[in-house]
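Please go over the structures that come below.
Next come two complexes, and both contain chain A; in the first it sits with chain B, in the second with chain C.
Showing the complex of A and B:
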């Protein structure tokens, strides 16, 4: 308490210094934040990965999976069945799978589900097939899940999973049940299975209850090799889950180690690690930086399309997807059997666990498969990037208080009245800004009613949202025209500015714990603009400020970002009109995708943009377009 | 020298009425305070949250507000009875009897009137007898004294360590069994021991004492909830004349806002996702307790400073004419 005010009640001395140098300090902190982010990728500032959970004993056992013939037979038979029955449509042969699983000796069941999604007319129906292998000598209180999605190009993976199931059935050392799940419609099926397993119903997903359970799921491994030709050379390890959640780092490290044990190269986001001697060079640095950037973007905009593991996070289950790819050089390595041994090693390690994964980090990002950046190292970046916002809010608040105190005593009363009245007058503006955000959030659910047969397609949904999002900013204009200027004098805009800055800092700070990727991206782009958003008097300042804010409007920012990304990744330099069209189409996809994700997977990205960021944007828009006479 | 001194005193006396308006309570503030307090109570997010959760803190708050109304409208015995009911329910609001008894004993707040011990004791006697009567009724209705185990002994012995927004649970998960009784005494005494110096300091300002004790109870109860904070937050607008001297309003308000958003997030990360652990949640509830303590000390400081300025004017000048600095010693 002593350090925050001096004993006579006046602010401490360092506060005056802060207020004098506020602008310089804000700029310095922001630049320091960017430099900090660039620095933590450098290997000297982060650590090599290690195993925290000693019980895992990774890679200590000899792998015994050798069933090449069995794997090939299963895969070939599956291909034949699918082709004879469904031809090019690649429907899922449920009864064939049930039959095979039962012939292996497992309890095999089917689960039906129906999903109602906006933008898709009619319901999406499907059936999951799952089999439970009970542990021979242990009570069935815990389980490990092996999940494979059914797709036209995952037939080989399904064959491997079947043969792995038959192998596991013959072993006696399992202490946890193994559950093999084959899902239809990929992550929608997985979400239906999980919601039925944990008995947590989801409104837009009608999933039949499961006929068998296996206890608390300790870990889940999803296999998703595209049917490229074996031998594979690399294994892509995907670990980003919905809402920016990440599995325990021990699980990721385990699979990296298992991959290397089979002489395959583990990659993250299809990026290989820099070689040993390149680690501390510039070439290595750019590789690390690229993987880190892809990691942050993947965590920020985590959709369910990276693999079946992405939906396990909401249920507190650690899950990772293995995706073998690439062209191996020798036929003796990288075949299906090696992938099977990789999975076997992973399953046997998880089998050793005494407690659920809790030792290693849950908040991290990975510049390479052998280096990690933990929360203690990357969180100061958010502090540095958000520091300007907080300092600005503090300085503006103190200036507001000083205006009241420094005037003569006779005016003190009048000034205090206007300050408190303007503080109250700003309340309607805040309420309106948040109501606009709430309207935008609830709009898709109002338009899309699962029970009725009203269904809108993608375009209509997006048009509705875009119309509202673009016309809502006119509200502050209308309000300010109709009410007298005395109510919204400059002091109230200043109070609104403090509220908006504090709310932005709060939202970004809270999101940094939940989903670091989106928090750091918002901090990098929104923080500098928000500190300079003031009701300018000059025309040029007003115009520049308006333009910057327009670029920050969530829809516009999305469009611009996707346009930039497309321009960078497309091999041929595109024409501006084609680029604009592509960016627009992708914006539609992304927006509707966010809405679908929030319905099916309980993803909070749409809520973040509409309920959290859009009201703050509206408040800044109100400040910039304030009419002062 | 003498004439200079008397001149200075006369100047002070005339200046007293001129520049000292902010010190006084204005009549329009009193009128608007009623509406503002209502609005603050009805739209308090913590109040709305405890309504949605359908907790019994609604009843506690209602009874405390009723006791306050009776207290301020000059009915100390009614106030003591209602407070006995609240104390019967929650035990810790019993400390609120101290400001009520003090008010009845000083009867108006003028520092010249003597302390009326009979009034003090009679109000406390009414409080105790109503509480005893209510307890007797419970014993006759339930037939035994077993209810004590589930009510008062539950508060005192803290057997259940479900995480709350208080400070007890985290500490008592770690304490060794042979020290448990000692720490129970220390933690429970925390509420009652601070009443003595606060009552001595604020014996002429029982309303401020009541308010401060509300905050104290909300922080140091064994099983607090955010619903306990609703009443004292709603009462803050009545100290309009003290706003000049409140120093940490910005910090406390920001901390409360951060707590309101971050506590559910940390809870979800710990319990549902399994990513965080108890430390994350305890850290944010500790910040909440700290914000409440800042508010408490701010109110106390503002009240004491206001007293000084009421006797010496808004600008305290010493004999040489320079402005004096007022330090909290």
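Showing the complex of A and C:
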């Protein structure tokens, strides 16, 4: 890398040019970043999906699953048992499931678990039922998981899973074990099962050890169809996992191919692909853009509610959820048997594998089921969006140095002292900002102890967090107003600004690899505001900047975003008060949800917002509210 | 067609009453074959279930070659993976090469000499050059001599200048050429026919420089060889195009007694069937491929020539039975001079 000074000590010419045109360049780069993001969705700039793993041989074999009667019988019996035993409460009939699985010939077991969740009084208890089908001619070193959650409207899926299990038991071509898991309390049960399977204890989840194992899990397919709507017409393929992880693209492509083989329409986020001839048209473009946007948001705020597959990521298992829906037109296709054949094709393909999924992409987003944008294509967007932040930091730092040098006559010593003092003086502010973030992060854990009998409900938890989050920003303001100005002169604010900008760039850059969704959203909304945040002298500038920063406060931004989303998606134009109330309720849900996710599913979103983003926000807030004389 | 013309000409000459002339004409149409035994080395270099078709290729050729007369003791078959007993095989114990015909290529009469992880580049070159450890059994040795015609068939995944063994190593065309040259230096073949059925397989014979080698490949450099069809009940590609069409030729038209030529074999997979272009290297081969029988390489056919001329044997070729017995008696008298009836030094390998 070229040094920023020439041999005579002066900066190179291009640097001077950069500093002169800094603002224009920053604006240009930001706009270029936005245009870049818009462009990569256009089909000419991305590629058609393909299979990287030769061993998969997807769709080559004729599917043999034809057990319509068996599926219907299982579903009907299950419904009867649930109705007679539990009535409207739809409790899970564990012993009936165990009995059925044993009659099929599988090793069936139950696993109890207890979860302690904030916002829910008392413990959540449940029992998972799982059955292992051993491969007859292969050593049991690898396995494939088929998971179905127990819910009032997944009884049909459970019936299908049972008849699929009976079909698979009769086949001789398995090289891996098949494990059928029926979870209670959906993803909580799945997480309990997985943590026990991989022997990784989770503090808020007490899961009994499993009685049987099946080796390393190569892939997991979760089935979640709502009842009463066969024949189906579409299959929604959900692939977003916690912490923005994504399964290998080969697995997603495999299920897309299997869906199309059964003459069903695969969708992502319930959005259908643009038709063939519409792909390069404007109409097609908006469809692709909508799916991409949903993909980015889903990856950014990935929760566990999209399906059972979402918790597999932490264990390095590639998993996808199939969700058939829609009203099929003909009775001959789209029934349970076709979904069964879809799963059978997927299982047989994964059965052909010799190694873990490793050939295809792990970092991508999908504008449609047949097009993908890989990390090499979308990463420059982060560079373009964060470029302004880095350039601004560089220019501000150089300006600071120049200022120090230019007034170097007579007052040199005094100035130098001030500069180093101001640089050090900023340190307490930085420490305060980060400790505020840390306080916010540890607050739920302090309030909620897994072993304690005191439990909080949603509202109390949120109130505690919101209070702290809103009162904390007052601290630096108070500190500044009370202490003498000479300790926090303008140069120190500049140093703080450089530190904040660099930290923002670092956080976003690092997060961009792990969770591109959240990084790009932060880059789009936070980067421009952060670049122009300065200790304004004029009242108007100060007011505008403060307002912008207030909007960017994590809680406020959440509220506003949810409000906008609700306003866009609700069919009837809402009244402002109703909208505000709904947005507030959703913010509570989301915040508590993030905390719960971090406790149960080891999601890092809450930590990201409190430990990473909030301190940066605090530093910018301090800069804006600096009063100089 | 050509044969009928020859026969017609022969009949016309036969009016002179010289039967041997007719025979000589027919026989002289084909070039004189100087080999006395035939060997075949059939190598499948790829493992894993999705390379089922390579094992099917080799087994198909194995059956053809056996049918045409080469015995198991003179066929070295190398299969890099166990397809019949693979857990993914829905028909355990079988290998098929055709989705319709349902002929099982695997069974108790199939003798695999090198199996599984024994199929390595080192073992292949040691086999060709004969430099094997002394404990190697005979079934794993290439016991050819200067009068053996050797057929080498290689199938698997390949590229420009190499053939992939076991997904872990490669043999280059230079390695192969040098091994063949070692064979020539050691008089381990009379004539050799190398077939490479992989992608870009023409590159495998580009570096050959030993005499009496004829080579062919399923595709030229820059082309991919393609597979033929899928068996939808097993779920794999079951045979490659080149092997499918050349096998059709061998199975339908070649018998131990037919006179099909090598040129017909080399032309048996034209571009419209094979899609890739079949490559041929015949500059190292002295004979005209139109006048060499297919069975010279693919079968063990003995051409019996009747002699009508008088042959006078030299005196010292004939040993008088009595004089031989006398010599023996004299030998037993002096124990220090013991010798065996067949005093042949063991063949040095």
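Of note:
Operating definition for what follows: the second predicted complex is superposed on the first by the 619 of 629 C-alpha atoms of A that agree within 3 Å, B and C clash if a C-alpha of one lies under 4 Å from a C-alpha of the other, contacts with A are read in each partner's own complex, and residues count from 1 in each chain.
Here is the rule we go by: a residue touches a chain if its C-beta (ideal position, glycine included) is under 8 Å from a C-beta of that chain, and two chains touch if they have at least 3 such contacts.
These figures come from a predicted structure and were not determined experimentally.
More residues of chain A are touched by B (comparison of chain B with chain C). When both complexes are overlaid on chain A, the residue A:39 reaches neither chain B nor chain C.
Looking at the shared chain after the overlay, A:362 reaches chain B, while chain C stays out of its contact range. In the overlay built on the shared chain, the residue A:567 is in contact with neither chain B nor chain C.
Of the two partner chains placed by superposition, only chain B is touched by A:513; chain C is not.
In the superposed model, A:502 makes contact with chain B only, not with chain C.
Residue contacts after overlaying the shared chain place A:579 against neither chain B nor chain C. Contacts of A:611 after superposition on the shared chain: neither chain B nor chain C is touched.
Within the complex formed with chain A, the chain C residues making contact are 48-50, 85-90, 92, 230, 232-237. By the touch criterion given at the top, residues 18-19, 21-22, 245, 247-248, 250-251, 254, 257-258, 261-262, 265-266, 269, 272-277, 280, 294, 297, 301, 305, 314, 325-329 of chain B touch chain A in their complex. Chain A contributes residues 54-55, 57, 60-62, 135, 137-138, 171-175, 348, 351-352, 354 to its touches with chain C in the complex. Those residues of chain A that touch chain B in the shared complex are 1, 4-5, 7-9, 245, 313-314, 316, 356, 358, 362-363, 394, 397, 409, 412-413, 416, 502, 506, 509-510, 513-514.
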